[in-house]
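Two complexes follow with subunit A in common, the first pairing it with subunit B and the second with subunit C.
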Partner chain A sequence: MFLAILAGFLLAFAAPLLHRWLGKWVVVPMALLPFTIFVYLLTLSPAVLAGNNLGELQAWAPSLNINLHFFLDGLSLLFALLITGFGTLIMLYAGGYLKGHPLLGRFYLYLTLFMTAMLGLVLAGNIMAIFVFWELTSISSYLLIGFNQDKESSRSSALQALLVTGLGGLALMGGLILVGMAGETYTLSELLERGDLVTNHALYLPALVLLLLGAFTKSAQFPFHFWLPNAMAAPTPVSAYLHSATMVKAGVYLLARLTPVMGGTDEWQYTLMIVGGITTVLGALLATQHVDLKAILAYTTISALGLLVTMTGIGTAPAMEAMVVFLLAHALYKGTLFLVAGNVDHATGTRDLTQLTGLSGTMRYTSIAALLAGMSMAGILPFFGFIGKELLYEASLEESPFRWILFAMSFFSGMVFVAVAIALGYGIFWRRSQNPTPLQHPDKPLLYLPPVILASAGLVFGLLPGFFVTPLLRRASEAMLGVEQTFDLALWHGFTLALGLSVLTVLLGYVVYRFSNRLLSYASRFSGLYLFGPANLYQLALRGFMTGATKITATIQNGYLRSYIAAIITAHIALVVLSLWENGPRLELGNNLHLLSQLRMYEIVLLLMIVSALIFLFKSQSRLTSIAIMGIVGYSASLFYILFGAPDVAATQLLIETLTVVIFVLILHKLPVFKYLSHATERYKYVTLSLTFGAVMTYVILIVKQYPLDSQLKAYFGQGSFLLGKGRNIVNVILVDFRAFDTLGEIVVLAVAAIGIMAMLKLRMHKGDKP
Partner chain B sequence: MKTVILATAIRILIPLFIIFSVYTLFRGHNHPGGGFIGGLIGSIAFVFHTMTHGPQQTVNTFLKLNLYGYPRQPNQSRSLYLMRMMRVNVWRRRRMARHPEVKQRMLRIEPVYIIATGLFLATTSGVLGLLSGQPYMHAYWSDFYIPVLGKPGTPILFDLGVYLLVIGVVLKITFVMSEE
Partner chain C sequence: MEFLLPFLIGILFSASLYLILHRHFFKLILGLILFSLATNLFLFVIGRLTRGGSAIIGQDENVAVEPFADPVPQALLLTAIVIGFGIQSFTIVLIKRVYQSFGTTDLDDMNTTDQIEEHH
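This part shows the complex of A and B:
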């Protein structure tokens, strides 16, 4: 498993190179990788289907107890097979869809990166690893949505998706950490057995809120659903792969994965049911308001995601069964329909439902795929979608106080699904038309084969549900419920209530389809409502954030060195005074007065020199004088070092002072005229600040002097510098030997500062530009 | 700033400054001095030169090397060609500069290269310890003693790195500031 992930990352970054070497044949290695992983997972599946959970531990930083932990059970196997199987087809499809695109290599890089991240997400056995892969999918999704980076809409949609899912990811991180704290482990397999511990923990509620926030943003649940339709700016393979089959289901996966840990409480159930229910209805409603094929599919996807979340929320065995079956069925037919929509768009140049007619004659295979997928989506008898729909109805009709609300919700969405399925599977292809939409190019095998394969998978699974699908789905729902499942999937349940309802759904759906034109005409009346929608709130928040950031930056980063220094010194004073105030020792000056008598002549002279220089500095009217006076102060300070026996420090200080003065003089004539631009009060403010700082530092030093210095360091370094360091100059031996690593850090800082100064001065500001 | 006295004096003083800075660097282990101080002394020489002659002149005088040469003839042996090139660049520089057929290539030493060299020396001086199983930056000393320079050892290499880095940093800052 680890090797699969590693190979994915390696191949992802090799993709642009491969594209350069292989040209259009780059599709071969890119499709081969997911296929290989798919086959590898199939070889693992007998063990998983037998009820074993496979784990794999890869030591990473064993000393810190951080390991790469992979974990494969029914649920992850279902998702992993979906990701790699679908991934193979998408890679092939993308080769045809973006044929001749100059950035095909980059596209494959993003797509493979995403696939690997998604695979890592479902295989990760550690909740922190889940988070890392989760964020990787967000980032690769951002890159993929913004793939047509020359379009403004594409870029803003990508940013929107990133911000919404990234914000959710941040919440998720908090949630996962809280869960880890509550369960006292970050390993998934251990966590799954500690459900009671977590749900009874005080941190349960905040953890739940944060986790749900993460899952809802990722899975486009209300009120975060708005990013998904905008994400359709991505090329169609991406929409099909990320935004219908895999990535948006990551939220559902997370909810399903954590059901044994977090689920079962009232908060969990009601939140999921309410949010899922609203999303289902809203998605279905909005789907009828659009004519763009991809927008319609996006809204039905949102609706389907809502259904999945609702089913997870109900949490009973039939609901979980319905959820996994519907998840698989939805991935199969929705992926197909997306690919079909991409084909139509590619061949005709339009995605407008009202302009497309009679394509079955010219796009034979695509229309067959569309018909099969449409029938699965509508829930017609021999298809896998039919089983999913039946189970959904059965699960929502279970004994519970909300059975009618749940049922109405799934019935309504089912109706809309049927209408959409008829429109897409039948309307644009098979309905008779006098003047079929002209094609720009005929159907291509690389474009129609993947949807045909996917759609026929829906048919095969429907006809032979017991073959491989049932055991897999059993294990998947077992992972959520914790109890072994024994359900059997069958096409024919006899004449039950659910069957009657299915027939009714199809009939009513057909009615909706007939009246879809009239429904569309209502669309304009709702437009006023969108002003209050979450999409607009998002725009408002984003704008507010930008202006706020600009204002804060303008206030804090005003570009004046003096205010930065003032801020640093003020903070320093505040911290020192605070800690002294709290529990600092008190100064007893009386005992130290005798030290004054030990003052030497030189010290007094130097002190007088510094003080008089400072007074003179305050009065000086020319820059050159000020620099010279600053030099005097510096030299006097270095003389102090000599007086106290630190020649190295003194020499350094002397040289630095010299250099400062010389460099100042060097640039003197380039500086503006020396003037007091600030008011006198402003200047007194800085004088006060300096005096306070000096006073505080003096106070601190006096307190330090009050206590005898009891340290072995002096003796140690005095001895060691000659015996160990082979040098008599203690300071230098400390610098280059004992503490060489610190010195290394310092010189690195020095080098970085030089580069920074170079960058700052070379970067010519235009007049009036704020830094 | 053009002052003739300083401009003339600094040209004579620069070798002195550099020799003294190197001496300070090496005596640092036993007496006051060391890489940092040495580097500062060395760089002050160049800063004064820049101040009096301008940065372009400093670069031309100290940090630029003109290499002269001509393409190798087809029937000329490689070693002969190399020796000719060496002779052209070492003994006959004056004459070659005026020769019409000889092309010149300039080798400019950017201060950033000096910074990088210094950083490289300082960092790698500790690797020796790492290779022999000791902690990074473990010091090794040789047994013999060189007059004036003292005992060679890895900390001296480290100090040399600091020296070069300090010179590079000051030069870079000076050039950038005076070029504006």
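This part shows the complex of A and C:
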């Protein structure tokens, strides 16, 4: 299994090269890969069908307890076969559909990447691996939807799909981590046996909410359904493969997979049933409002996904049986119909239902495929779709307080499915027409063979349900229920209630089809409602995010140095105050009062000198005066150093102060006089901030000085300066001996500053240069 | 003096920050110089003050005898003062160049690099 995934990724990235070497024959290796995996999975299937779960382990991040674990049971096998089997056909189809497209290699890269990711998703035996592959499918889906990158609508649809499913993916990750915490393992096979542990855990509810968010966004459930119809901007093979048969079912797969872990609770059941139910009805309703073939198919897909979610929610054995059967049936007929729509689009250049007619004469094989798939979709004997529909009705009619709601819902969607099936399988192909829609390109084998094969599979499975399909589906529903299943699928159950309802569905569906034009005319009347739809909310949110982010950035990063500094200082004050507030030491000034008596006269004079110098500095309007005042402050400070036993520091300070004044005078004497530039209100703000800052710093010093300094360094240097460093001036010895490398660093800093100054002085700006 | 120095440092910090928050480039430099001065004094006081005895070992002794000032903050200060000087000279030259190139000393005229374009 690991090799299959690896081969998929390798081949995906080799696709553009292969396209360059092989030209149009690139389709051969690309289709061969899924076919090989398909056959490989078939060889594994006897073991799985016998009831064994196959596992495979590759160490991935063992320190985090995340292993690349593969796990194959009935459910994964069903999905994996669907992905590779359908994948093979899609690869062939894409070769015909995008024949001669210059970017065919890239298309295959994305498509194979997606297929591999999807395969990894269903085969993963570790929930973190599920997440990784899940995200990979979102990304490859984004690339595929936006494949026609020169179209604005393609790009925005792709982004929309990515944002919606990406958001869900984020929620999913949170949910999976919580599930892992609750179940104390990330390994799927272990987790599957710890359902009780998880459902009774305190984290169950948040985990459930997050997981459902992930599953619902991926499977286009209400209110996240809006991205799926937009995703139809993708080339048709993509729509058929990702957005009807595989990727959108990833959410359903996740729900099914986790049913033994998370399922069975009221929250689980009701949420799935309500959301699934709304989605089913809404999808069916919206499907009648469109004329674009792909849009109609997209909405019926949403409806079908809703049905699958509802069935998972009901969670009884018949519901699970109906779920897996309908899943397979839907993949077969919906995939076919998408391919048919693609063929029609390719051949006639339009997908408008009202303009297409009488195509059976010119597109013989495509129309056969459409007819077969349509009959399966309508649930007509002896197609596989019929079995699916019967089981859906039976499951929804089971004894439960909601049976009539559930039944009404599936009946309604069934009716719409029939109408759509008639329109697509019969209306545009077989209905008599005086002037059939002309073809721009003839039908090609590479285009009509895949749908024909898929549609025939629907017929064969319907006629021979006992062969391979039944055991597989049994194992698949076992994976969800945890109990052995023994159901048999058969076409004929006798004259049961469900059969009667099926017939009724078909009849009413035909009525809906007859009146579909009138239904369409309602579309414009409902359009006002779309304003409040989630699609519009999405647009609003997206725009809000963009303008909001711009505004926030413009406010925070406004380019004004002083507001940056003010922010830094404010944060600093806040942090100091906060940490001193919470169990910080209290200031006891009283103990220090005796120090006042030690004050000397010249100290007070120095202090007064500095303060009055500062006052002068603020009043001064002249640069030269300011510079002189700065000199006074600096010299006074150096006197302090002398007073408290730091002659070296004092000397340096004196020297530096002198140099600064000299440089100042030399360089800045040509600048204009300065004015007060700040606004009055801002000034008060800044004065307050400055005073607070000064007060905080004073407070910090006073607090610190309450405690004795516990430093062994003083004693160490006092002892060692002469004996080890052969110098009597301890400070000098530290600088040139003990910490000589620090001094070297200091010199380097000075050198860098000097180089910078040199560069600036040498810099000659030419006219027209951008500053 | 030990009692008054913390307040003096507070005053220096306030004054320097207020200067830094000005729009005028020249005041910014004055503020920076004062700020580094205040910081140096801050470090010096935090390292405790010793009146009189400097950190020098007498001619007759092999080790320093109390009271002598803590040499560690002094060594730090020396480095800080010198590096501060480097920064000051760099800034002074920078302001000169900026004035020559842009003809302004108003910091508010120099915020174009941080501005983003409005989203449409």
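The definition used in the following text is that the second predicted complex is superposed on the first by the 550 of 771 C-alpha atoms of A that agree within 3 Å, B and C clash if a C-alpha of one lies under 4 Å from a C-alpha of the other, contacts with A are read in each partner's own complex, and residues count from 1 in each chain.
Keep in mind that, in the parts below, a contact is a pair of C-beta atoms (placed from the backbone, for glycine too) under 8 Å apart; a residue touches a chain by one contact, two chains touch by 3 or more.
All of these numbers come straight from a predicted model, not from anything done at the bench.
Participant: Once the shared chain is lined up, is A:Leu599 touching subunit B (first), subunit C (second), both, or neither of them?
Facilitator: In the superposed model, A:Leu599 contacts subunit C only, not subunit B.
Participant: Is it subunit B or subunit C that touches the larger share of residues in subunit A?
Facilitator: Higher number of touched subunit A residues: C.
Participant: In the overlaid three-chain picture, which partner chain does A:Pro445 touch, first (subunit B) or second (subunit C), both, or neither?
Facilitator: Neither partner.
Participant: After the superposition on A, what does A:Pro206 contact: first (subunit B), second (subunit C), both or neither?
Facilitator: So A:Pro206 meets neither subunit B nor subunit C here.
Participant: Look at A:Pro647 in the shared chain and tell me whether it touches subunit B only, subunit C only, both, or neither; answer first, second, both or neither.
Facilitator: A:Pro647: touches subunit B and subunit C.
Participant: If we overlay the two complexes on their shared chain A, which of subunit B and subunit C does A:Val748 touch? Say first, second, both or neither.
Facilitator: first
Participant: With the two structures laid over each other on chain A, which partner does A:Gly361 touch: subunit B (first), subunit C (second), both, or neither?
Facilitator: Neither partner.
Participant: Based on the superposed arrangement, let me know which partner A:Ile667 touches: subunit B (first), subunit C (second), both, or neither?
Facilitator: A:Ile667 contacts both subunit B and subunit C.
Participant: Based on the superposed arrangement, let me know which partner A:Gly725 touches: subunit B (first), subunit C (second), both, or neither?
Facilitator: Touch partner of A:Gly725: subunit B, not subunit C.
Participant: For A:Ala740, using the defined touch cut-off, is the partner it touches subunit B, subunit C, both, or neither? Pick first, second, both or neither.
Facilitator: Touch status of A:Ala740: first partner only.
Participant: Please identify the positions on subunit A that touch both subunit B and subunit C, taking each partner from its own complex.
Facilitator: In subunit A, residues 647-648, 652, 656, 659, 663, 667, 728-729, 731, 735, 743, 750, 753-754, 757, 761 are touched by subunit B and also by subunit C.
Participant: Where on subunit C is subunit A touching in the complex?
Facilitator: Subunit C residues touching subunit A: 1-15, 17-18, 20-24, 26-28, 30, 33-34, 37-38, 40-42, 44-59, 61-64, 68-72, 74-75, 77-79, 81-90, 92-97, 99-102, 105-108, 110-116, 118-119.
Participant: What does subunit B use to touch subunit A in their complex?
Facilitator: Subunit B reaches subunit A through residues 1, 28-37, 40-41, 43-44, 47-48, 50-51, 111-112, 115-116, 118-119, 122-123, 126, 136-137, 139, 141, 151, 153, 155-156, 158-159, 161-162, 165-166, 168-170, 172-174, 176-178, 180.
Participant: Name, in rising order, each residue of subunit A that touches subunit B in their complex.
Facilitator: 647-648, 651-652, 655-656, 658-659, 662-663, 665-667, 670, 725-729, 731-733, 735-737, 740-741, 743-744, 747-748, 750-751, 753-755, 757-758, 761-762
Participant: Over in the complex, which subunit A residues touch subunit C? Could you list them?
Facilitator: Listed in rising order, the residues of subunit A that touch subunit C are 546-547, 549-550, 553-554, 557-562, 565-566, 569, 592-593, 595-596, 598-600, 603-604, 607, 610-611, 614, 617-618, 623, 626, 630, 633-634, 637, 640-641, 643-649, 652-653, 656, 659-660, 663-664, 667-668, 671-672, 674-675, 677-678, 686-687, 689-691, 693-695, 697-698, 701-702, 704-705, 709, 711, 713-714, 717-719, 721-723, 728-731, 734-735, 739, 742-743, 746, 749-750, 752-754, 756-757, 760-761, 763, 765, 771.
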